[in-house]
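In what follows, chain A forms one complex with chain B and a second complex with chain C.
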Partner chain A sequence: MLAGGQSLMPLLAFRLARPTLLVDLNRLGAELGGVEAEPGGALRIGALARQRAVERSGALSVLGEALALVGHPAIRNRGTVVGSVCHADPAAEVCAVALALDGSLELRSIRGRREVAVDELLTGPFSTAIEPDELAVALRLRPPAGWRWRVLEVARRAGDFALAGVVAGVDPAGGDARLAVFGAAPRPYRLDGPPAGLAERAAAAARPSGDLHGGVAYRRHLVGVVARRALAALGTDAA
Partner chain B sequence: MSEVDPSRPLVGQPVRRVEDARLLRGRGRFVADLSPIAGIHHAAVVRSPHAHARVGAVDASAALALEGVIAVVTPDDARRLLRPFGVGVGGAEPYWPLALDTARYAGEPVAVVVARDRYVAEDAADLVAVDYEPLAPVLDVEAGRVVSDRSFRYGDPDAAFAAAAHRVEASFRFPRYSSTPIECYAVVAEWDAAAGEATVWSNFHGPFVMQPLIAASLGIPENRLRLVVPADIGGSFGIKSGVYAYIPLIALASRLAGVPVRWTADRWEDLVASQAGTDRLTRAAAAVDAEGRILGLRLEILDDVGAHLRPPEPATLYRCFGNLVGPYAVEHLAVEARAVLTNRPPTGLNRGFGGQQLYFTLERLVEMVGRRVGLDRVEVRRRNLIPAQHMPYRTPTGGVYDSGDYPALLDTLLREGDHTGMLAERDRLRRAGRLAGVGMAMIVDPSGTNLGYIDLARTPEERGRGLGKSGCTESATLTMDPMGGVRLRIATAPEGQGHETVAAQIVADALGVPMAAVRVDPSIDTASQVWNVSSGSYSSRFAPIVASAIHRACAALRERILAIAAEILEVDAADLELVGGGVRARGSDRAVPLRRVAGVAHWDPGALPPGVEPLLSVTASFSSELARSPAGDDTVDSSICYGGVGGLCLVDIDPDTCAVTLLRYASVHDSGRILNPLLADGQVAGALAHGLGGALYEELAYDPDGNPLTTSFMDYLCPTVREMPELRIHHLRGDTDFVPSRAKGIGEGTCMAAPAAIASAVTDALSGHGVEVTELPVHGGRIWEWLHTRERGEP
Partner chain C sequence: MREVRLSVNGRPVTARVEPRTTLADFIRERALLTGTHLGCEHGVCGACTVLLDGVAVRSCLLLAVQAEGAEVTTVEALAGDAGLHPLQDALHRHHGLQCGFCTSGILMSLAELWPRRDQVSRDEIIDCLGGHLCRCTGYVGIVRAAEDAFGLPAGDRG
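Right after this comes the complex of A and B.
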């Protein structure tokens, strides 16, 4: 499936992906491009809704905040929100938002339709439970009422994939929090609970891989830093 | 932006670039846009996946069986039909553009496939079966084979060290990085079997000393190799000079395939197998007196030139030899200069060429000297700067600094760069819990290379035996059309610097015509124009050398025009001036339009005054008499001009993430006359981005097996506009009488200074942690590790 092509085209250019059949979704904008608020507070984002359009729509501020950190505007003009989830980059901001907001992906094939929770969907780095014959038609996000969110990451340059990042939220009373950590493990992971100690738990759960941009210990340390900072910015006394 | 005043000379004014109209509209014409000949086929290069391996049998049968494939160049073909490039120094083996029996870096060409399109060519490249026997790679410069090794002594370094109150020493590592031009290497080659000639269109920009090397590799005389370079090249910063090594290979592909062949490198190829700046390990020591004056220096320089000593290497060692002491009055030096082979790609020109490596060492060392004797970084520099009254100044290594007032440059840097403000901001950040630092660098920016410096790689005895080497020659051909229009041809092959604009400014001023009447063609065709081995763009040579050649050409054409006009106007030529598109008798209204003057030469040469040639076309050259081959005592004036550059900057480091941000940078220059301030400032901003890249972001990295880790822009991080700091630029607007243009180069100084200045600022920021930055690039992950190994008490 070719959506925005911002991940797939480089894979093709590097000859890392050599599909025998490529389905270009881009003429299905009318059918798959929508973003709708559903009764019950969920947001349904169609497969061809571009990252930049969703960011600018203001439909969901935490998603907008996360998208602003995805690459650069030119990339977001083409890249799709759903494509980012399907691509399952461990450092993808969108996957972490989807995980934090109990997201699920609506999949269709000639065999029928199914809805898979993002937590089950993401099976590892760049791998998902999507079957080869399935098309993701929409991402459904379920932001809990009244929660406040913050997205923070550390990257070497503005727009780079994060060395470590976090989507953090607190409930209106400030007693319950969620963290979805990205860039620090084979797939994003989530921790729920009272804010105190949550950042330390997040750092302890990190399974980063080291590379020339940062070693394992450094990246684990960064998880703690961004988690603490995000929770502090949300007014919790986690730090 | 100030306006251009057409009533004043255009040189010195911020004239907008004539190139931009086409470039911004996407109408530039680069090699990939050219279809210079019918029937072009496409090449893909088969590259070694191993950093070091014996290359056994190369079986191309499966590739040749693929539909659309017409030829495969194998090592056997190369052995049979090519010759290795000549290597200037004794210790290295000949350099072949294809691995014959041993691949020496991951990415080294092993075969070339020619097919109907690039897609098929790449498919076929995968089908070429190569028998590799992996060997252990050498990646440590200290373990590599030394292929060029020279010792130099200037003055009496032993006495200086013996007399010194302090000896300050340290080792410095400068990283390997590139300039990643937007347009990668591109070659179209046609082998004419009947004539035994090759025609090559490429984005090679010189130095054209490579033309004879390419011809020799192809086994043909130089006059049977035609190199064509279009007027547009999409950046290079030196990196594209290395495309020459691919030219014999693609020409051979054309020879074997019987069709013209195009090869356009992709980004992966550019990052793994084009050219990089040389990474350098320097062990440095300074002999310092009690007052902080540096009496002598010892430099042991190890340049990792990669898998081959590819010409012009080991030039990185020597490009800055005349200015080895920078702006400082150091009289005694001992230098060991070594080029070392490792299993990494070959190195070569990269903006700043040898300068950033040198000044990183020198400027870090000077600050360490300051700390040792208790002087701040301004005072330690002030004590050591060459005083203005000593200009022109002969350095111990033979450089002749043409002009400059370095103490005034330092004062200007502090004032215009707002040193006080930067310190105040640093302190404010520190109070807010940040790790902030201010840094500086003072350097000498050499421009207009004397190619003779490369000969320092040979001993005086070796040099004595053969032909000497020297030179910085450039020429310009200026022609007036029958209607008075002017055409200028220069052999500079610019890569975006704006040569067309500045050349037109110079000609317009000299001939009194509007810029629009001047057509400048900077493209190169070695078969039909005047050029020489030092032609091309490199070493910031446009302002001092090329502009001077243009001045000479203008003077020569002017003389001819005036002689004709004198006859027409019946006025002595000495009383005539060129203004407003015509020739006028000074102080009168007797005038004749250039069209008339040109008309006489073109249409009515019978009416020419006696002794005036019937041709309104002149070729003039400039070469400085200072460009001499190295003397018997190994001194050389390696560049014709030397500018002064100061850099001042402020960095912020996040105490938790250790992420470094360059907040402010000030770059102050004395580059002689500024030909076009708009373009000069553009060069400074670009050079800062490049220096910032080397300091904080860019590095060509390899794993322990020698495999490249930075194979795309995901891992090779160039700073973007969002990483650029607030930048202040100031020009001292000095002068030089060493070149007719009175202008020195300006495109490299900031990228030589910035890595040192930024390292200085990071050191200042981490001063509480006892970290001395002696290697680059510096980024959060590295800083965190430095701080944490120290916390744990490790070395």
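Right after this comes the complex of A and C.
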């Protein structure tokens, strides 16, 4: 399935993917391109909604903050929010936002329609629970009322994949906090609880793989750093 | 083979191509406009950036068949009878290029911002230029050229 093509086209160029059939969804913009606020506070993002359009729409500030870190403007002009979730890159900012905001993916096939929680959807690096005959038609995000969020990452250059990153939220009313960590494990992971000690728990839960951009210990260290900074920026005394 | 019809710089172009043909190859080999350059061919370097219906895109990450019916703008459209486009002129004056391989992509990314040039911030220019690899200039001249063209004061660093 070809939507924005900003991940699939490079895979084709490298011959890492050799599909026998490629279906382009881009003429279905009227059906799949919408972004709508639903009753109850959820945001439904259609499969062809471009990252740049969602970023600029102001529909959800935490998502806009995350999207500004995705690639570059010309990439976001084509890339889609839903495609990013389907691609399931362990370092993808959008997957972490979806995990933090109790996201779910709406899937359709000739067998019917089903909705899968992002937590169950992401099964590993570039792997999801989407069946071969299913089409992702929308992502549904459920931001908890009143929470404040920050997205923070460390990358070698602007637009690069993060060495470690975090979507951090706090509930000013109840004092609870939440972290969704990306780039530090085979898939993003989430921690909930009081802000004190949450960054340390996040670092302890990291399962990064080392490469020439950063070793395992350094990447684990970075998880703690970005988590502490994000929580501090949100006014908690986690640092 | 599929027939693809689109418009490049206002000129209709029709060609029969394989579905796997990228828009970049279509522009270079069918529309015979070689100002659009191919560097990495996987969306990283930015050299192949063109406008698709006014929006900056990587032409190496788009299939020509996907651009059916679209208006494509390439670097060849910038200069007119009056001479260089103000963006080209600024790059020339500020030593914003040396070998020039990356320049057409940079110009097209900046050209996307040009219609609303009164509202473009320095941060937006930096974000835009961040999507382009240049191995000659060290970027300082490119940033200065863009600041000049968009009427912004020169930043305190490149």
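Some notes on this structure:
In this text, the second predicted complex is superposed on the first by the 238 of 239 C-alpha atoms of A that agree within 3 Å, B and C clash if a C-alpha of one lies under 4 Å from a C-alpha of the other, contacts with A are read in each partner's own complex, and residues count from 1 in each chain.
To be clear about the criterion, contacts are C-beta pairs under 8 Å (C-beta built on N, C-alpha and C of every residue); 3 or more make two chains touch, one makes a residue touch a chain.
Note that the structure is predicted; figures quoted are calculated from it, not measured.
In the overlay built on the shared chain, the residue A:Q6 is in contact with chain C alone; chain B does not reach it. Look at A:L212: by the touch rule set out above, it reaches chain B but stays clear of chain C. In the superposed pair of complexes, A:D24 makes contact with chain C only, with no contact to chain B. In the superposed model, A:P73 makes contact with chain C only, not with chain B.
Of the two partner chains placed by superposition, A:V94 touches none, neither chain B nor chain C.
Judged by the touch definition given at the top, the superposed model places A:V116 against neither chain B nor chain C.
In the superposed model, A:L191 lies in contact with neither chain B nor chain C. Judged by the document's definition of touching, chain A residues 10, 13-14, 72, 157-159 lie at the interface with chain B and also at the interface with chain C. Only residues 2, 5-6, 9-10, 12-14, 22, 24, 26, 68, 71-75, 77-78, 157-159 of chain A touch chain C when the two sit together in their complex.
Note for the complex: chain C touches chain A at residues 19-20, 41-43, 46, 49, 55-58, 60-63, 65-66, 109, 112, 127-128, 130-131. Chain B contributes residues 122, 126, 266, 268, 656-659, 697, 699, 701, 709-710, 712, 714-715, 717, 719-720, 722-723, 779-781, 784-785, 788 to its touches with chain A in the complex.
Those residues of chain A that touch chain B in the shared complex are 10, 13-15, 72, 154, 156-161, 163, 211-215, 217-218, 221-222, 225-226, 229.
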